[in-house]
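To keep things simple, chains are lettered A, B, C, D, E and F as they appear, and every chain counts its residues starting from 1.
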């Protein structure tokens, strides 16, 4: 039944033969971009949760705290958004029907990862930030497997 | 079998109960944004194909032609990219597992539409630009149906 | 006297005959873009005013509140800015001296609308957000009237 | 009659007393930003017109020429857009009804200048680029006059 | 010894003869852009420090305060970032090995100025904001001296 | 003598003790971002040089060629700019006076690399694109050495 679905999908895609030059390994795709920004989401989430609220009567400390908190939230937002964009570029431009055949949970994986990016914006959740890292690692493995390359996973932080 | 797949997908999504406030009709989503930019893609594609190449010996006309062509290509690129982004916001943020149950081709529809946006950048193809408009209209119908609203489809151009 | 002013304005505009290809209905302009972002301004303003301040002793709730508030303010800012940009594109690129003749309050309408966008950033005012929606609706009516088209006004939210 | 129009405009503006803190000279506005980008428009226009078309049989020279031409057009576009944005910030945020009373051609001046920015994108016209510089200089004079300051006009290029 | 270092630097730079057309004073560079945004950093820093915290029981005033504070922090961030970008364009594109010979502290000056931009984001420090203004003024003097022009330093605010 | 220069530099830097929390390995920096975009510059440069010019009488092929060439030039520009930005973040935010002591050619290395980014925009030069890759690799080695980590260098393409 899955084969039929895939056949149907392939039939409905715009003229793949036109894009033949993209089927080869000529583009520069690397999930490392998404990994770096996802690490920043984890780091910012952790730093927000670790911030110590100063005594409200200490005005200088309170302003410094608010400046830091505001910036950390904005950076978390920006980095989660970049992670989402970089992952979606892989989904929309790199992965092709032939890969879907090999990875039937391709759509589900990316939908879940993209929704995790949004969850990391909406919430300050170390749990969801870590789940996002796991999702990026899963995509890292999936991606390099399609290229038959063994690129090791590491974290910068 | 599809039901099993959907059940599996739902099981693997991040804590939907946390996002309960988003399940209601509180957000502002409207496929009209994507429709407007897709129209611009159609229009730019058509204008590029209709441009008349001036006589190379007429330097002023040649420079004007190159300026116009360069801008049209850049605008087509930008508008196709915006269409892609606006469609993907619907896919990643508005549509939820409950909608997937109702529209089993949800992922396929958005993947195809996103790949059409990329195709409209890579090529100067009136055919693909029109297919993109059709894909946006399909999403327009799907979207408003999930809200039980009858919003009529129109084009600005 | 108004006619004289308009005649004077027309005399001072850069070579309209050069832009003859733009005088026709070839461009893709649609006030729906500004309507969607203005709706987001109204929605965000309302959500900010409706947020419940948690007990300061509940650290987790306080962080969640600050994250949400910070994001809502940033989204309000961004959407008000986009509304302003989309309205000003209509004013600077779509509307031409011939329209000013028909709508002598054209400049006033757009100046007021743009200043309302700024007011919606500076303040958290449901009143000004609603006035912005009214201004966008007025421009919607004015715009489609210049095209002799009857496009109905609706809201996505 | 103009006084009546102005009175009418003032009546219809959103609660100016709310913005009292902005009526003083506390913001940082300076038409120099628009002057710098307008100079870039003039410079890019001139450079495009001065480019020498290489012999089509010289492939290396032709590619270099196309790279340069493409970039100059894109930079002209970007700088004209920035000029437009910086001028419109002055119009929508700095200038207030009281200034309109003093400069009845305020709206006309900015509309004309904004349309010149668009013309400088659409065309490769040294004439319109120079007219844009003149428009920016007029706004420079108008702006500093409202602040009773004598800031001299200069060009960086 | 410094001369040797400079000679070494010059030897290792990419083919300066290729860029001969840039060696002349044809580009449009002006430290005024960085000066305007640095003034905004000073202004925003001062405004943040001067904000009066409302009584927490006054909900309307508290929301207005949070909206204002959030925006001021975001504007400070944005303007400090723009200052950094504009300064670095001067360092990477305008200044050339021949200038380094004349100003041996060129790298140090820009490194310090860029780090001050970052410090003005991280902190709410009037002292560092003023030091940034001084750094921009130093660069203003250095820049115009390389062009043998006497452009007077002024502030818009 | 170099030690004196460094001592002087350290004396003139803004309050390093304030930033003590940044001296630890808490930030997320990774030269892989710059490596990915530099690879794209190399790839785009190569593709531009490899494009075959169609017969001018074949209008469809000529339009396709111009669309492709225009996009490749724009992508090269964008990726070179991103490379520059990512490298400069390392230079201005990650590297500190203590690193300069260890790497006296730190400034020179980054200045050269940034100028190579600009050269890769201005030209279509495989040689300079490759030199940019080498510069990024040198920075990769320098960066990980400061962290006493052995992260292997690889290319995605």
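Basically, a residue touches a chain if its C-beta (ideal position, glycine included) is under 8 Å from a C-beta of that chain, and two chains touch if they have at least 3 such contacts.
Here the structure is a predicted model, which is why all the values come from computation and not from measurement.
Asker: Can you list every chain in contact with both chain C and chain F?
Answerer: Neighbours common to chain C and chain F are A, B, D, E.
Asker: In terms of touching chains, how many steps apart are chain B and chain F, taking the shortest path?
Answerer: The fewest steps needed to get from chain B to chain F is 1.
Asker: Going only between touching chains, how few steps reach chain E from chain B?
Answerer: When the steps are counted carefully, the minimum from chain B to chain E is 2.
Asker: Which of the two pairs, B-C or C-D, is linked by more C-beta contacts?
Answerer: The greater number of contacts lies at C-D.
Asker: Per the centroid of Cα atoms for each chain, what is the distance between chain D and chain F, given in Å?
Answerer: Averaging C-alpha atoms per chain gives centres 33 Å apart.
Asker: Using the average of all C-alpha atoms in each chain as its centre, how far is it in Å between chain A and chain D?
Answerer: That gives a centre separation of 40 Å.
Asker: Mind pulling the residue numbers of chain A that touch at least two other chains?
Answerer: 70, 74, 122-123
Asker: Which word fits the touch map of the chains here: line, ring, star, complete or other?
Answerer: Chain contacts: none of line, ring, star or complete; other.
Asker: Going by the touch definition at the top, which pairs of chains touch each other?
Answerer: The complete list of chain pairs in contact reads A-B, A-C, A-E, A-F, B-C, B-D, B-F, C-D, C-E, D-E, D-F, E-F.
Asker: What does chain D use to touch chain C in their complex?
Answerer: 1, 9, 12-15, 18-19, 22, 84, 88, 91-93, 107-108, 111-112, 114-119, 122-123, 128, 131
Asker: So in the complex, which bits of chain E are touching chain C?
Answerer: 59, 62-64, 66-68, 70-71, 74
Asker: Tell me, which parts of chain D touch chain B in their complex?
Answerer: Touch list, chain D to chain B: 48-49, 53, 69-70, 73-74, 77, 121-124.
Asker: Applying the document's contact rule, which stretches of chain C touch chain B when the two form their complex?
Answerer: 25-30, 32-33, 36, 39-40, 43, 47, 151-152, 154, 156-157
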